[in-house]
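To start, the structure under review is shown below, and the notes come after it.
Which chain is which? They are A, B, C and D, in the order written, and residues in each are numbered from 1.
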Amino acid sequence: MDFLRRYRRDKVGAYFGAILLLLYGVALTAQWITPADPMAINLNEVFAPPSWRHWLGADQFGRDILSRVILATQVTVKITSAACIFAVLTGVTIGMFAGYRGGWVESAAMRATDMLLIFPIIMLAIVVVVVAGPTETGVIIALGLAQAPQFIRIARGVTLSVKEELYVEAAIAAGAGRAHILAHHIWPNISTPIIVQATLTLPVLVLNASALSYLGLGVQPPTPEWGQMLNEAKDHLITAPHLIVGPAAALVVFVLSANLVGDAVQETLNPKLKKQK
Amino acid sequence: MNSSRIASAGAAALLSCALAASAQAQDAKPQYGGELIYAQAGEQFSLFPGRNLDSGAQDVWLYACENLVEMNEDSAIVPWLAKSWTVSPDKKVFTFQLQEGVKFHDGTPFNAEAVAFVFNEAKAKTFIYATILEGFESAKAASEYSVTFHFTSPFAALLPNLAYQKGKPYLDSVKIITVTDPAVRASLLEKGEIDRTVNLNDFDIPRLEANRSIRVRVVPSTRQYYVVLNHMVHPLDHVNVRKAFNYAIDKAGIVKSVFAGRGAVLSKAPTVSEGVYGFTDMRNPGEDTIFPYNLARAKELMKNAGYEDRNKDGFVEDIRGNKLSLNLFTRRGGTKGDFQVAQLMQNFLKDIGVEVKITVLESAAFGDAIKLGPTEAKYDLALLSWGIPTADPDEPMMLFTLTRAWKPVGANRMFYSSDEIDRLSMLAHSETDEAKRKEYVKQWMAELLRDAPVIYLPTLALNLGSRNYLHDDRILSVDNYPAPFAWLDKEEMKKQGIRR
Amino acid sequence: MGDGAPLIEVKGLKVHFHTEDGVARAVDGVDFTIAPERTLGVVGESGCGKSVTARAVMGLIEPPGRIEQGEILLHLRDKVVDICRLDPRGREIRDIRGSEIAMIFQEPMTSLNPVFRIGDQIVEAILLHGGMGRSQAHERAIELLDAVGIPMPRQRFESFPHQLSGGMRQRAMIAMAMSCNPRLLIADEPTTALDVTIQAQVIDLMNALRRDFNTAIMFITHDLGVIAGMADDVVVMYSGKIVESAPVREIFHNPKHPYTQGLMNSIPSLAVWGARRLKAIDGVVPSPFAHQQGCRFAPRCSHAMEVCRARSPELLEAAPGHSAACFLHQAAP
Amino acid sequence: MTKLIVARLLFMGPAALLIVTFLFALFHLIPGDPAVMLAGDNAPRAVVDSIRQAYGFDQPLHVQYWRYVTKVLQGDLGISNYTRDPVIDSVFPRIVNTAQLAILSMLFAMTVSLLLGCISAMYWNRPLDKIVTVVSLLGICTPVFVSGLLAIYFFSIYLGWLPISGMSSWRHFILPVITLGALQAAMLTRMVRSCMVDALGKDYITTARAKGASEFLVVFKHALRNALLPIITLFGLGLGHTLGGSVVTETIFNWPGLGRLMVNSILTRDLPITQGAIFFFSMIFILVNLVVDLIYAWVDPRIRYD
């Protein structure tokens, strides 16, 4: 497909695209590729520093950190990606619709968004636990809902400006329906900030997921999750600094590749940018 | 909000605010002046003593107010503002002789009127702890300096008579700040922005001890971890299974990995720990703790309770072949290390083939889940801890193991019932003869070891970090850190570059 | 060409774009001159490099575009400046842009900054080149808006681009361009986005301004009708090169290069009665990435000879003031 | 324009009531009983019941609700279950603390992000742009508690320049503001960069250059004014979030802010405090959004509000 051919030529995008695919590959095959059993507790190796046996060292219960990071990739990547998509979908549809319709529909939607933003994510999470139960879908909905307002506001903002453009009025004059307008005229203009915002929310989602695990939401022990591992590493930052390296590196790789791929996608979608280079 | 627990020292400690008036010359070395900055962990506390149960609050009281009687390091009741006291033969009337010449901060004289007022007011306004004084009816001022307390039912009170220290405090003022993050408390202590703090992260203690200008004291507390075994759930009603669960747990491993080897101590007796009255070491000779870690014994006990791994899937099944799978409810951040201990439980019980699923609940939801009665309770196992602020076994005996105390009435979440335990508890409750009462408590503990209603786990230790220029402050096993007669060595402070 | 020194001399200009798909030779050796107070029409199909040439003259070539070769000599009163050598973001070129040479663009909708008022954008153009205070510039802007035929100029000063029609916005662009009495106005297809009636008004306006401000105009378009009404001299471009250059009457009545003849035959003419099929030039414009031996029009040229495929013809005079780059009019070297 | 302002301000009243009712219902829907929390795990039922009775928790819900609403209408937000202090006394000072931290860190974030974002847009895909991108991404990935603790260990303990906790002098503000601001700055830089690139590609930029405008004027006037739209939205959101208090930053730097208070009150089911905190916060949030929308109309004339 032409998009792929043009995308591959952007060296950075291709390189980090490969890393992102690798990450999703790891996420899919996590159970089988861990060097050691991520759940095996061995109290003689509490906080064992990185060694040949444990490349990234061992945690408070002597479990192999590398294996736990790999297994955690499955959990974290799945939850954050799903939550991100959920946030984008709800956010963009509500934002575009509100921005386009205008009038009381818009102000009602925006005030509802304000309400959503007012409640701290912890409150949202507790309510979701009661409604959807402590399942993974619960986590995804809670995380996604907390990030949706950002997308709603961006989508609405851009829709308001684009709606005024002449070519939109021209399209209407040509008999285009609202769906057509939103899809063909408004979405291309929104895609840039939305893609950037989507890749920006990934790290926030990972860290929020760990905040939710305090509330018994989603991932129950002993399954590992990056945010949770980061939190546990916080308490031993000085006594066992190696604890934080694994999950932090994984998070950085995931976010860096997602953002740079986002950049590359944005560039290929928007050829005018190429001229700039 | 760390777990709240019943406050103040039970029947014997009565509450009033006063400053000892007469000053006694101390030896030359301690010096007057300076401000002590104390960092505390609790978030929610109120200065009004009657209103809050949080341990943080109690620390605050100890600076501003003094009790009629106090508790010293080895948990003996020590006279303080009351010189002495007597008990009526029927143990329903207690008379306290008060110190003369003591004044409140604002100068009004401290006398029997004041004491009576405080307690009648507490009962009228239903202050939280007032209801703990079971059977307290009223307090009257018999004379200027003697006050009598009238109870509807006999209430054992232990009142040895020891010498006491009195005098004017050395510090000008005490500044108390709340720092919730243990790592930040440690760094504040290292930097010298605070002089004294508690609840340090166990793993930070070696680093702090290495620092010349810091002194860390670690003292076993009266709070012991335990896992509730819901006797309504088969096979937890089977004593061999309960004992197997006890033997399957590597308590030393827990102390080492979760509490860095020093944040907790191996329990020497069920529920009652060293600081509590009536404690005796119940360990068999040569064993480091009660139910020492013995995987083989545990598997053997499970075997003769009819549980074996018949289909070799790593988990045991009963004779009819269904797998033994239990759920374990726990909180996270409620008590130090609770989330970590729960994960180790899951791992140790897996070693004897018992599958455990952990359900982490947010503190309020957890509170709801463990307050239900025998028919509604959904937990098979629940990780909790039992602290004894009164340092008297009466509380656990009356509320923890008594049949009458089944949830939702008391705190018997195991729905455990044993006539022998009930008999011993009632006897100990009203026995005033010391020797007899200690014997009943000993038999009660022996019975608990024989019946193993819960899985017994290590006892938490308390820690107190302070700069070495601070002297004569104290740490009590009931999670109190009084420092009424502490003083600051100014030269040492200057040497360490502490400018305030 | 007119007598006296030319205003702009372009010699051997080559502008190439270095993109991933290869090197695009947008402008591949172009020579022409613009005389003061005369209008040069630059005509050619889209993609022949006429817009790139215009931007090169304004020094607006940004990476990945790069001026490979050639000179653009601007004859100022006191000195001659080669625009190719100037730093595109330097001070010197900035003093020329807007004051000596001004430019208007094809898309009036997007060429004006949507968030600033029309008047403010004109005032900014004036203030950039000094010589006037803010209030003076304010009045000057209103005069200009009036000069370009915008009704109620004082009110229109305050309105935003989206409040004006396409035609009005183009007039505002022209007002802005003329604000510093430029000696050359480059118009990059100014009428393409407008409908015919507005086109005619804009052309009349530019002709009027030419006389009042005696400004030279470089008018770029693919519309031969507009060229006829506007240009004094005409240059025809094809695939990055100039294939024919002559006064406007010569181009229309005596086209010498086969490509120009092809263009002329493709215009419907009122002069010829009865229906006749318009002849289109068969074949396709070559891609700027292709390296082709010989004359670029050869593949589509009905008169193509052997030499045309071997070597590319120079732009030489075939008649006084009328040059063409075609071996039909030159002896093969 | 004024119609918009009045409409929004009028909206605050019903919004507050709606929030209070919603919260009241929510607290009684989700598990957790304040009386049990107050008495502690091991308290006998007698104690729990006495507390419930003393605090009026045993009243039927509608009575409790009505009593609370009537008090709120008279401006009395009730008293906390724990500290028994009036809610206003414990919530208001915290809002002031959080507001100080939020505004300062957002100003820091805005200046840094606008500068870095514009620079990286001007030098699109060249080394400088790559460096800014990686630095801002690393800024986003580092959790605040890691950057906070490391900052304390390095600046306060190792170098001993800055104090760790408290708010008494300006030096106490440096670390928390930079830590919280850095996270927001990293987020905003990415957005500024992409919006600036968008704007720099537009035709009016070529016109501006054709007018002889300097590159500085082209980027920081013509392009930035147009790129401001999504940026303002994010800035409004960022301010909203930080005004809600960043629990982690407040815990690390021991900053008595709204975030920690709100979270603690939810976890301990201290309903009056939660209501008070969220009540004030929602008012501030609506005001912030109103200001953002006004700036919107001022920046982009195409959005008609009259």
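As a working rule, a residue touches a chain if its C-beta (ideal position, glycine included) is under 8 Å from a C-beta of that chain, and two chains touch if they have at least 3 such contacts.
The shown structure was predicted, so the numbers you read here are calculated from the model rather than taken from an experiment.
Traced through touching neighbours, the fewest hops from chain B to chain D number 1.
Comparing mean CA positions across the assembly, the chain most remote from chain B is C.
Centre-to-centre spacing of chain A and chain B amounts to 44 Å, using the average Cα coordinate of each chain. With each centre defined as the average position of its C-alpha atoms, the distance from chain C to chain D rounds to 54 Å.
Centre-to-centre, using mean CA coordinates, chain A is 49 Å away from chain C. Chain A and chain D have centres, each the mean of its CA atoms, that are 20 Å apart.
Contact with two or more other chains is made by residues 126, 129, 164, 234, 237-238, 275-277 of chain A.
Counting partner chains per residue, chain B shows two or more touched chains at residues 183, 362, 365. The multi-chain contact residues of chain D, meaning those touching 2 or more other chains, are 30-31, 149, 153, 267, 300, 302. Partner chain C is touched in their complex by these residues of chain D: 202-204, 206-215, 222, 225-226, 299-302. By the touch criterion given at the top, residues 30-33, 36-48, 50-51, 53-54, 82-85, 149, 152-153, 156-157, 160, 163-166, 251-254, 260, 264, 267-270 of chain D touch chain B in their complex.
Put simply, chain A touches chain B in their complex at residues 39, 41, 43, 46, 60-62, 126, 129, 134, 213-216, 220-222, 234-240. Considering their complex, residues 7, 11, 15, 18-19, 26, 29-31, 124-125, 130, 133-134, 137-138, 140-143, 145-146, 149-150, 153, 187, 190-191, 194-195, 197-198, 200-201, 229-230, 232-234, 236-237, 240-241, 244, 259, 262-263, 266-267, 278, 281-282, 285-286, 289, 296, 300, 302-303 of chain D touch chain A. Those residues of chain B that touch chain A in the complex are listed here as 182-183, 201, 203-204, 206-207, 250, 253, 256-258, 332-333, 339-340, 342-344, 346-347, 357-362, 365.
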